[in-house]
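Take a look at the structures listed below.
One chain, chain A, appears in both complexes that follow, with chain B as partner in the first and chain C in the second.
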Partner chain A sequence: MRKSWWKIIAVILVAYTIIAGFLLEAPRLVILNETIRAMHFHVPMWFGMVIMLTASAIFSIRYLRTGNLKFDIYAVELVNISILFGVLGLATGMVWANFTWGEFWSGDPKQNASAIGMLIYLAYILLRNSIADRQQKAKISSVYNIFAYAALIPLLFILPRLTDSLHPGNGGNPGFNAYELDGRLRMVFYPAVIGWSLLGLWMAELRIRLNFIKSKLNEDL
Partner chain B sequence: MLLEWRNKNAFNSILLYLVSTVFISYLSFSLKTGTLHPDVWNALFWIILVFANINGVAKSFLQEGEGKTLYYYMLCSPQVILSGKLIFNIFISLVIAFVGFLSYAMIFGNPVANYLYFITTIILSSIGFAGVLTLVSGIVSRANNSTTLMAILSFPLLLPTLLLTIGISKNAIDGIEASLMNPKLLTLLSIDIIVVATAYMLFPFVWRN
Partner chain C sequence: MKIYKYLLTASLLFSAFLAKTQKMAIESEDYSNQSIEMADAMRANGKIYVLVAIVLLIFIGFIFYAIKTEQKVKKLEKELEDKN
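So, the complex of A and B:
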């Protein structure tokens, strides 16, 4: 019970997000209107993804330093869950974009960048599958993971800022800037970010434990 | 380590590959005169360059046999090997870019307005391409099925550089004034630095085996 407090918090926060995100009153901005509620589900996906990818890169560095396979398992499962989050983020974003921008895919810089990010990490999974030797696999894919993270940061955080984006807050669109993101939204948005991120970590933790058990069984056989 | 000159043969074949790609794309657009829209000109130019780079630079580790790798391994430290490969690859990729630009400009016509920026862009992007491709080819040489994996791994990693480059060279073609370009060039430079620095940090792990 003492160890699972953060899981309970995650469940409570996500439940709160779903209920409050749909039912509480939201401010009406031009164009966005009620679709602003999508923010409680779309944006936390990216927060969760970036947090988990950062953690994964850190675990890859730790693996290269220590050579402990445990860290490699951490890294790969975190990447797996963040790919899930990335796909969900893209999907929720596309549904939302269909209502506000008029089409599912409109070539927005951030949309493209996150799709490329997904490609990078899918390539990581593929690279892992193509190497048979366990130590070799861990080492090579850790190197790629760190390199990918170094390429992802400019992709997600610098390049979209250089061009106009259709996203709220860019290029003169009404957005979630400090004064526009008003209290009613914040009350849901911050718990949503924390809740979804914790949920993602929980999923990653379950997969990591599953992976440990599997590798233990394989050793026994 | 700059003894890479030995495989001149491969090098010449890349140049031929490049020129024939330019010519094929010329024929397939079936232009009478150099009247390609600058946007198309730009995009086509960089796509040709990327493919030539992947073909040219990717070979750097893949061609090495087991014995030679072991010999190098005993001879010198990973940093030295990476430096040798990197310098050679940057050189190759610069040659690819300039030869490509010359032949391309000759055949398709040349809309570039601001040469200084265009050439700076070419140089910076060559460094970025060479850095990414050198490390990725090192990684791929450790995994078995090489060529497909090479493309899959390097494409998404090349894209940030490529997007930025296409943007800047579009501006250079249009001759937009300098103050608007410098931030983007600096970003490109910093991406180059990130790529090369991470390659230096990570390469020893790929090499030590």
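So, the complex of A and C:
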């Protein structure tokens, strides 16, 4: 129990998100209507992804500083779960976009940028799998991971703001942004972000432990 | 694992970043605005609770499975430790 308190919190928060996200009153907004509730499910995927990729980049730096393969395993498994979060974020975003913006893919700058971001991280996995030597694999992919992170942040948070985007809070687009001002949405949204992120971290932890077992069997660790 | 510390720091930084990005407010009138169509009928006759119950059950099912998987991982870890 000592080590699993955060998993319990994750489950409680996501369960709360499902209940409150569907049942609590939501603002009645044009175009969005009831779909505003997707904010508690679609947006946390991206938040979770960015949080876990940040952790992954930090672990890559730590690997390069220490040469300890443990950190490389943390980094790669965090990227794996982040890719799942990103793919889910893209997919849910497309469904949401179809009903609010009119088509699944409208070439929105943020849509394009997040797709590019996903490709960059898929290349990280490809790069890893193409190098046989364990230390070399870790070293080269750690460097790549840090660069990938440095590319992802402007792609997601800076470039879409420089031009018009359909996403709220970007470019000249009005739309909702309740994070600061609307307490009722925030009451679900923040717990949702924390809950989904912790859930992702739990899945990452499972994969990390499996990876440790595998590495010990291969006598890498 | 020190992973939590990183998560905490990252989420704090991120929410600070987020707080700066707001653009257009949602007013309290937005909640009472009856001209926008919402799924009020579904709420009125209570069927929404059925939906929430179903989603929640599936979520709990997956969590149960994840816990079971974790127990299997733990067993493997122990086995490996005993071997060495």
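Convention: the second predicted complex is superposed on the first by the 207 of 221 C-alpha atoms of A that agree within 3 Å, B and C clash if a C-alpha of one lies under 4 Å from a C-alpha of the other, contacts with A are read in each partner's own complex, and residues count from 1 in each chain.
Everything that follows uses one rule, which is that contacts are C-beta pairs under 8 Å (C-beta built on N, C-alpha and C of every residue); 3 or more make two chains touch, one makes a residue touch a chain.
Model, not experiment: these values are computed from the prediction.
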Exercise for the section: Classify the contacts of A:18 with the two partner chains as first (chain B alone), second (chain C alone), both, or neither. Expected result: second
Exercise for the section: Considering only touches as defined above, state whether A:138 meets chain B (first), chain C (second), both or neither. Expected result: neither
Exercise for the section: Could you say whether A:90 touches chain B, chain C, both of them, or neither, answering first, second, both or neither? Expected result: neither
Practice task
Pick one for A:126: touches chain B only (first), chain C only (second), both, or neither.
Solution key: first
Exercise for the section: Between chain B and chain C, pick out the one touching the greater number of residues of chain A. Expected result: C
Problem - Which of chain B and chain C A:51 touches, first, second, both or neither - result: second
Practice task
Answer with first, second, both or neither: which of chain B and chain C does A:206 touch in the superposed model?
Solution key: second
Completion exercise
Within their complex, chain A touches chain B through residues 64, 112, 116-117, 119-120, 123, 126-127, 130-132, 136, 139-140, 142-144, 146-148, 150-151, 154-155, 158-159, 162-163
Problem - chain A residues within the chain C interface of the complex - result: 6, 11, 14-15, 18-19, 22-23, 25-30, 33-34, 47, 50-52, 54-55, 58-59, 74, 157, 168-169, 174-182, 184-185, 190, 193-194, 197-198, 201-203, 205-206, 209-210, 212-213, 216-217
Completion exercise
chain A partner, complex, touching residues on chain C are 1, 3-4, 6-7, 10-11, 14-15, 17-19, 21-26, 30-39, 48-49, 51-52, 55-56, 59-60, 63, 66, 69-70, 73, 76-77, 80, 84
Completion exercise
chain A partner, complex, touching residues on chain B are 132, 135-136, 139, 142-145, 149, 152-153, 155-157, 159-160, 163-164, 167, 183-184, 187, 190-191, 194-195, 198-199, 202, 205-206, 209
